[in-house]
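For clarity, chains are labelled A, B, C, D and E in written order, and residue numbers in each chain start from 1.
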């Protein structure tokens, strides 16, 4: 299986706070990989680093064989050279992020938000098709399609953010706590849907989730992060049985 | 009190050099520079000391005017001041020079009360009072108008003229049937003109600065107005014909007395235009005379005493008699005001034609020339 | 030269008063108000009119100027509080322009564009504080700025300041914490207006003449610049900002450069300095005042 | 005793009726849960009760007093505090300052309505007052074991801590009734457990708690009574056991039991 | 007031409003995206007018009014638009871009600085006097009964209307327009959608500044060219843009027209002294804002908690 995303020894800091320290991981094409960890362990930071929203202080990130980010301090061929693609270029490579805190375009309607998600898609028919698919999947969004997103409920906005990311037809989708604020039924649905797009549309999924049990069940592989470091990596079924994980993240 | 020794004496100029009114400051400052340059070219004071002109920008406001005089008086130790250009600043600066004992000659502060600040304040421009008086009487008596409309700006100069003209016109028996104002910075006067058109006066008096007058004339023509226009010394700036060339025909204005005839005036205009690329307006003309008067006074005092005593220079300025200025013969009244007559001109296409020189004595219009 | 420096200090002092007021409105309350010039004018004219027409002493006119501006602060504060951000800016800008327009046109009261001259100099214990002799005037002004500063500083470090900060940060949360946001916004306006009125009074007895042309919209902008340049939400910085902006604007005259360079260069220089300063320190020279309890606030964020 | 009650509370936004004739009761001293599908109108109900939104129809009673349409700050002063679904801390202020703002109207002389004189008065008593506010704020932080973070900027706290800080800030107003909108969102199971204990502690202080939550473990464990909304209407009300087995609730919201 | 006078005032008000609208459109472009008052907009307008003036005089030489003067005028206008667009983008790069993450007031101050630099440089280079921009066409007024209109007045109205429509179509219909809207709402998230925010912002400045040049030239025909020409009119246009509703294109247009009509009728109808024109205009604008705090065309959207 091909390695789609490779994170090689990256570090990220916020001033003095070392949010990520020497993190390495990889996501194979076609897989669902999950990342779990306590609050503040650095999960969101990692996702932001992948899409180029946080600069690296060390390491590099490669997507589909092309290096998309490298820290300024890295030495390449005897030279100190940083390099990075801006977020929009990374998005154009086929990476979509469902950001933490939803970040919907509040003054746009649901429909316009979906259109923005498909900004890089030029085929009008395809866009219309995908939109319909989204309304099928989240009927409430269909009912609210002409409503400004700012007036949606928290959960509706979350659905909106997920649907928007799917609109671009990404190769890799990064989900930052997709279940946040969603009703139990909907969460179950979403995990099913994730599975479906993964199987049918061959979208690779990288999932960050507090609900570790569901995340691990849905994924093939899992990483555990603590204080900005990866402390465990295994296939998900093994992690589900892991004592340490059970105690710390499954609430048992 | 002040008075510096033999080193090159300095004189100051204060006027708006930047901002909305910069043009008026710049034109007058040009004159002062020209006068000083010519004076120095002839050898300067006593044939040996060149005079230094220090220009400061008032930006047309009192705060900057005061800082300018502060600088001129405490850093440059000037012995005389040309300016400031506008009434508001002139009041503030006038109080200050009076206090410091520096003689000041304003080329364009027209407010009637300026010279009553004190004995150090002079001007080479007629006060609004006189110009307005001549204008009102002339419009009534010689032009035979009984109703006049006015379009003036809410600034000291324009409003002063409006009030002066109205008082004398109505005293003579006429009536200002409509007076419309606009604010500084406005460029569209169609509302006011439309209102005036509807009031249908026999003529319209537009006492304003050049740029606004050009604008008014053009817009009046756009509104198809055929009413005769009357104006003030602001019209003596030849710039008006560049800006509103097609619309100046027939305008009658009150301006400096008979300047067009004098050869020194033509030479001044030619030199000025050659040097600065634009022509002088009447304030610039006044500034030129003012500067020359100041320089002559300094020369006189220096020759007599070998120093530049501020008080002595003031006295010498006050003693100026029949100074042959480019704007005519200059004399100062007891209070520092210009003793002057008003010229009347009628524009033929784009050339002003001289109609006569007038003054008002005891409420009666008297033709001098 | 030294005299000229004193003059800069006096102007800085007068503007510092306005900047303190602007800071409480914009720096603390987070409201972008562009109307200090209006209050400044009201204060100036109050003093000018009362002193020349009714023979009041400066000290008697001072509280009137403050109260009158405060009243107008309340008047425009109350209704305009419904407005956010730049809508508020426009409404306040409009108010400032209205004040100037009215002063320029109400000839019977304000003498219109001619302005009011010959304003009597203030007396203090029998001494005339002659603005030409700058020490006494400066002294009087410094005391006033100091009092205003201490007062504002203490208010800001009390419940009032915290409430205003809360309103700035998040109105909805502030409301839900029992803070009457309208009340605090109006307080900010009243306080900000009254010091600007006092500044106007001082201006009137310093220049001894007032004309409507002095109180343009540019004055409000300059005051805003002082606050932002110093650092929003920091009273010391507002005073520093006032001093620096005045110093920059008068630097060419102070150094004698003004008579050497073309007059426009002075303004161009001012513009350049403004741009460079902002890029160099967008948070202002001193930045927002550090949180009283805890660390200094982060550099880049906050404010209206 | 019924502490808070809504009577046919309705809030319509144009065509969308977010809350539809809901009668909702909160028993004093208990923990009441409010659950329902996304968009059911839970947050809207909170907003209408706490004065951030004005009902289209219906009434709200607090302590038998009709408080419908009162401004938010008044309602807060009467003893109702809340947190927000999307955290609304004063981000640029420190942790302790956030809580101090909660103490805003709780101090010394100023408790009698804020007049300008009071501002003057409080100016005079500034120091004592400030100390008083500070100490009380610290007490609340200690309650959440956040004493060591009090000088951090609020925005730099991890998510879960921010939620707790919001609760601390609300508690600082000494409420009789506390509304929590999805307090456990973004918390992992362990942290949720900790939160449950905290909420119980709050209840034991005599503060009535109403909470919205999608985490069923939390809801079923700590609520004494649960109200379910669906499409703006009240679907059911009862004890956790009743709700868990209510078929229409399962159908609309819970889905079939996991595991 | 007679019927003729009424219609004359109406016409005057409309064209004055057209001028405000023309400038307001450019303001709104930039304002809508970056949410800061681009004080230098009026000065870019002034630069555009100077460039247009010099080019037009150069191209025209001494040829009489006719087809060539009109062509020359358009060439001058196009070059001036391009020049202003480049200038606008340059200003953004140098003076505003470094401040994108700073407080909202920092770029405002920077813009004031730029405004000082531009207007004073122009005064220094081109002098402080007004220059006449000759009409490239015959501007003889047309009489409709007692009401008089000039071709230029009609031109202003037509151009501002056309520009409004084009802009609106552009922003609503094109990809670039959509990208602009997204950028205005949330730059970070816009990038996540694959939008090149830098390019969008540059584009916005380019369009806004090109519009300023058009406005500057058309205004110059009527009001002359001088260094401070952008300041006051620019400010009023900005007020109009805000009253219309921030970032709203039709709002800017109607705000402009409204302001023009207010300035005209406010003093024309009730016999209020014309000096108080600004008081009436600003007063009514404040009242409008109080009644409709989000501007005329803005949408009132309460924040959802």
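The rule is simple: a residue touches a chain if its C-beta (ideal position, glycine included) is under 8 Å from a C-beta of that chain, and two chains touch if they have at least 3 such contacts.
Not measured: the values here are computed from a predicted model.
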Set of chains whose contacts include both chain D and chain B:
C, E
Graph separation of chain A and chain D (steps between touching chains):
1
Chains in simultaneous contact with chain C and chain E:
B, D
Which chain's centre, taken as the mean of its Cα atoms, is farthest from the centre of chain A?
B
Does A-E or C-D have more contacting C-beta pairs?
C-D
Report the inter-chain centroid distance for chain A and chain B in whole angstrom, where each centroid is the mean of the CA atoms.
75
Distance between chain B and chain E based on Cα centroids, please, to the nearest Å.
36
Taking each chain's centre as the mean of its CA atoms, chain A sits from chain C at a distance in Å of 50
Touching at least two other chains at once: which residues of chain E meet that condition?
120, 123, 273, 275, 277-278, 303, 305
Residue numbers in chain C touching 2 or more other chains?
101, 104-105, 172, 264, 267, 301-302
Junction residues of chain D - those touching two or more other chains
43, 52, 84-86, 88
Once the touch criterion is applied, which pairs of chains come out as touching?
A-D, A-E, B-C, B-E, C-D, C-E, D-E
Contact residues on chain C for chain D in the complex?
154-155, 157-160, 162-163, 165-166, 169-170, 172-181, 183, 187, 288, 291-295, 297-298, 301-302
Which part of chain E faces chain C closely enough to touch in the complex?
35, 37, 94-95, 98-99, 101-110, 112-117, 119-121, 123-124, 235, 238-239, 242-243, 246, 273, 275-279, 282-283, 285-286, 289-290, 293-295, 303, 305
Listed in rising order, the residues of chain E that touch chain B in the complex are 1-2, 5, 8-9, 12-13, 16, 19, 120, 123, 127-130, 132, 139, 141, 143, 148, 150, 222-224, 226-228, 231-233, 263-264, 267-268, 273-275, 277-278
Show me the residue ranges of chain D that touch chain C in the complex, using the header's touch definition.
50-52, 71-73, 76-77, 81-82, 84, 88-97, 100-102, 104-105, 107, 110, 114, 116, 119, 122-123, 126, 129-130, 133-134, 150-153, 155, 169-170, 173
Where on chain B does chain C make contact in their complex?
17-18, 22, 54-57, 60-63, 66-68, 70-71, 74-76, 87-88, 91-92, 95-96, 99-100, 111, 113, 154-156, 159-160, 181, 183-184
